[in-house]
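Below are two complexes that have chain A in common, paired first with chain B and then with chain C.
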Partner chain A sequence: MLGLEGKYAYAVGRSRAVEAKLLDRATIDRVVDAPDVQSAFKILGEAGYSYVDSILKEESPIDEVLNKEEMKLFYFIKETSPDERLIDIFTLPYDYHNIKVLLKARTYGVPPASAISGLASLSTESINDALGGEVQAIPDEFSLAIERAQAVHSLRPSPEIIDIIVDKEMYGDLLKRARAIGIPFLTKQIQNEIDCLNLSIFFRARKMGRDAWLVEHALVPGGKLDSVRLATAYKDGAPDSLMNVLSKTGYEFIAKRGLELLEKGRSLSEIERFFEGISIRLIDQARQVPLGPEPFIGYILAKQRELEVVRLVIASKTAGVSRDSMRERLRDGYV
Partner chain B sequence: MEIRVSATRMQLLATRKRLVMAERGHKLLKDKLDELMKHFLELIRTEHGLREEVEDALVHALPGFLEARATMSNELMEAALLVSRAQSKIDAASRNIMNIKVPELTWVIGEVQDVYPYGFYRTSAALDDAVEGLTMIMPKLVKLAEVEKSIELLASELERTRRRVNALEYVVIPNLKETVRYVVMKLDEAERGNLTRLMKVKEIVKEKRA
Partner chain C sequence: MSITIGMILGFFAVALAFILPGVGSAIGTALVGSAGSGVVTEDPDKFGQVLLLQVLPGTQGIYGALTGFLLMMKMGVFAGDVIQLTTTEGWLAIAAATPIALVGLISAVIQGKVAAAGLGVIAKRPEELGKPLVFAAMVETYAVLAFLATLLLVLFGIDFGGVA
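Moving on to the complex of A and B:
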């Protein structure tokens, strides 16, 4: 029987071949320096981004371009991954996104319109059927998420409750699936995401002045950080409580900086950039592994990061942000 | 200027009456114009202050949206802001300034602890700042709309009143004065003609008697 290294040998070969096509720093710089958005799209087209020419005339084609690139990435995972369950890890967030949107739309009587993602594997009809009572229309974990979101929402009816409960269920589902697939790096990556999200919740909720009940329900279990202790530290309110929870976790510097920013009442975007940095370091480590599932997953994550960078550059360019500001924002933000 | 009136004493009285009326109207309109101008300048000053505050707040809030939009896809942004957390409305009434109906708008927001209608996953801190900034600025934005509409209404009334004052001052009153002068002149002329005729008749009668 093949071990993980042997099982993923073909996938690693394929990802090594295609990762040469990832946008390098020089190409990103060319996109940043492009005189206008159309020229930026042309450079992206030269660098391998398809579907660009046909939609150049549209007002805001960036979402369409990136969705199509992500769809291509999903096809790549499907045809390359030796484990067909792996694709679910990457499409699940979109399924849960659509569940959130349709549940909120139905609960509050608003049209979901352009909030629906086309990258999900579940159809909107089946989600709507499930919301209408036909729970067997979608897999159990999704209907359970809906049920739990509705239950908590009935206790405190407000739209963000649906979001936080469905997100929590999503991470539970992701962790369960990652453990079932049996790739430690994948589990580590999801746990890292959970930790970053929990810290983000802690600081953002504090800045927004949200109550402890909401934070307790929003914090996601399953990461390396203890979400219960984090909730207690939030309730406690003292900076030392947070430092105690984060002691020897590697997140101390984020906590320190976050508390400083909170004290000064400044934007927490800097903290989000720290999280990006952590994620990028994890991707880098994975790509340096010679054989196994890590380089394959590392490539997928690097491609997703690249799409985020392209969105950032094009959106900033469309809004007329200066090149220096863009470069400053991208300084440590690219794989 | 051609004056087409009959030069009669009746006409003179009527014209003088009109002139008095026009001069009184002119004075009243001029007072109204001054008062309107006072309110107008007051509103302009309020508008300047409000606009500065609103623009300052927008300058801080909109880059947040820009940053959020640069890190979130269209679907994520739409989903985050799909449902409004706070139920708000604008109460519209009106008040009188110098008999001009101007709007009175009030931004009424329901009782909510916070205004963020989305969760934390894949939404950015920049969006929080933008939502907070725009929520804070909404009452002032509505007030600014009220003041700017009032200024617009007052400006149009000012223009109308100024046109009336000018018409009275430069056309109607001078015309009426000219008419009065013309009629007086004509009546005087007729008076002189009568006097001459009478003197002539008296002379003829005197000659016949002699």
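Moving on to the complex of A and C:
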């Protein structure tokens, strides 16, 4: 009788309780205003963030702290979610990241150690076994991604091809899993990410003068935008072709603005911020829903967004970026 | 004792009064209980406040049970001699039980949803407990009105000639 509302009731209750612990705008401002990185970590510690020994040693412990926080989030999902498949949606990007790193390391003979993520569900050994030919060491979708990346890489050997093809496989896998879980909000969120990725690929490739073959292989199907028509529009090169693909999708502004920025040779970060804005609005709307899976997933996405913001602020502080620049970057980017 | 169609209908009215609001209340309280468990997992001190909200969708089941007992009394069940109702009287019993049966079922489920949503307020601002309680209690109004209608119909609208 209650469907998803009943199924996710416990998860919603827990999410509502932990939501109150998300960093608010005032705390983020205090972190931005902190005189140094150590003080920034102290503020984060007061707000409930993990404390790691490397903070004391005055090293840059941001990855360690954020990995711990992300791991806590994964435990929360595992403990709380009534659908155990949901955790895969959030660990999957780390699995595919490690596949990219290890595949490039094996192909180009570079050490992968520092780039390996500790948040993946697949072990590096099993990925290495799969890369060595034991494809049954990892689930089919991952071995298929390796196979496809190797096949396209053999046509045009470049580390970039590995990244492009594995990313494409990852989004396909994410969308398939989200559809199988059957939560429309989750599918919509992933489709928004795919559209963002496709339009970023389109404009960046255009700016850098990349060939149509690469764009065709990089564009991910499954979003609101038709990737095949987008590839054709890229090949065609006429501004009207892009406008036609984007008409009635809600992204018309992006086409116009993106082409304007390209013409003026300006940064395309505005396009990414536009999609970031859509994503934040989706998260915000999800958190307003009283019951169902939306508030639970909305909390997870808001927490991930918070971790990104913390990473950005700490990295900017470490690099000596001014407070005003940080604030400008964060202006619309925090829920 | 011979059994009449009217008696079967009368018993069916009793069953309706017990079952439908009872099911609604079970669903409503289960929903608030599940969501409340989530809140209490993170903050056990909020148990009392959560319990207050969980109780609210349970009242429809009580109204239904009271209706059922009243009907049983009217039918002479407690006296040990069930009145042989006519078919019309049986239908009257069903008609009298219908307001609380239907409104009780639906309002309990909806009240459960409102109360579960109110847990968000308790999780973030426990001092504002009164507000989600009022929101959930507003739904109760319609269950009370339906119960009142049923009560008046049972007490004054039907007379089976038994103990009233």
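Going forward, the second predicted complex is superposed on the first by the 328 of 335 C-alpha atoms of A that agree within 3 Å, B and C clash if a C-alpha of one lies under 4 Å from a C-alpha of the other, contacts with A are read in each partner's own complex, and residues count from 1 in each chain.
By our rule, contacts are C-beta pairs under 8 Å (C-beta built on N, C-alpha and C of every residue); 3 or more make two chains touch, one makes a residue touch a chain.
Keep in mind it's a predicted model, so treat the numbers as computed, not measured.
Three-chain overlay on chain A, with chain B and chain C fitting side by side and no clash.
Set against each other, chain B and chain C touch different numbers of residues in chain A, with B touching more.
Within the superposed three-chain model, A:E19 lies in touch with chain C and out of touch with chain B [touch as defined at top]. The superposition-derived angle at chain A (between chain B and chain C) is 160°, Cα centres, a multiple of 10. In the overlay built on the shared chain, the residue A:L312 is in contact with chain B alone; chain C does not reach it. Shared-chain residue A:T80: touches chain C; no touch with chain B. When both complexes are overlaid on chain A, the residue A:H97 reaches chain B alone and has no touch with chain C. In the superposition on chain A, contact of A:E272 is made with chain B only, not with chain C.
Once both structures are fitted on chain A, no C-alpha atom of chain B lies closer than 30 Å to one of chain C. Common to the chain B and chain C interfaces on chain A is no residue. Of all residues in chain B, those touching chain A in their complex are 64, 66-67, 69-71, 73-76, 78-79, 82-83, 85, 113-114, 116-122, 124-126, 128-129, 132. Residues of chain A touching chain C in their complex: 1-2, 5-6, 9-20, 80, 290-291, 295.
Those residues of chain C lying in contact with chain A across their complex are 27, 30-31, 34-43, 46, 109, 113, 116-117, 119-120, 123-124.
Per the touch definition, chain A reaches chain B in the complex via residues 60, 63, 66-67, 93, 97, 100-101, 104-105, 108, 110, 112-117, 158-160, 162-164, 166-167, 170, 197, 200-201, 203-205, 207-211, 218, 267-269, 271-272, 308, 311-312, 315-316, 319, 321.
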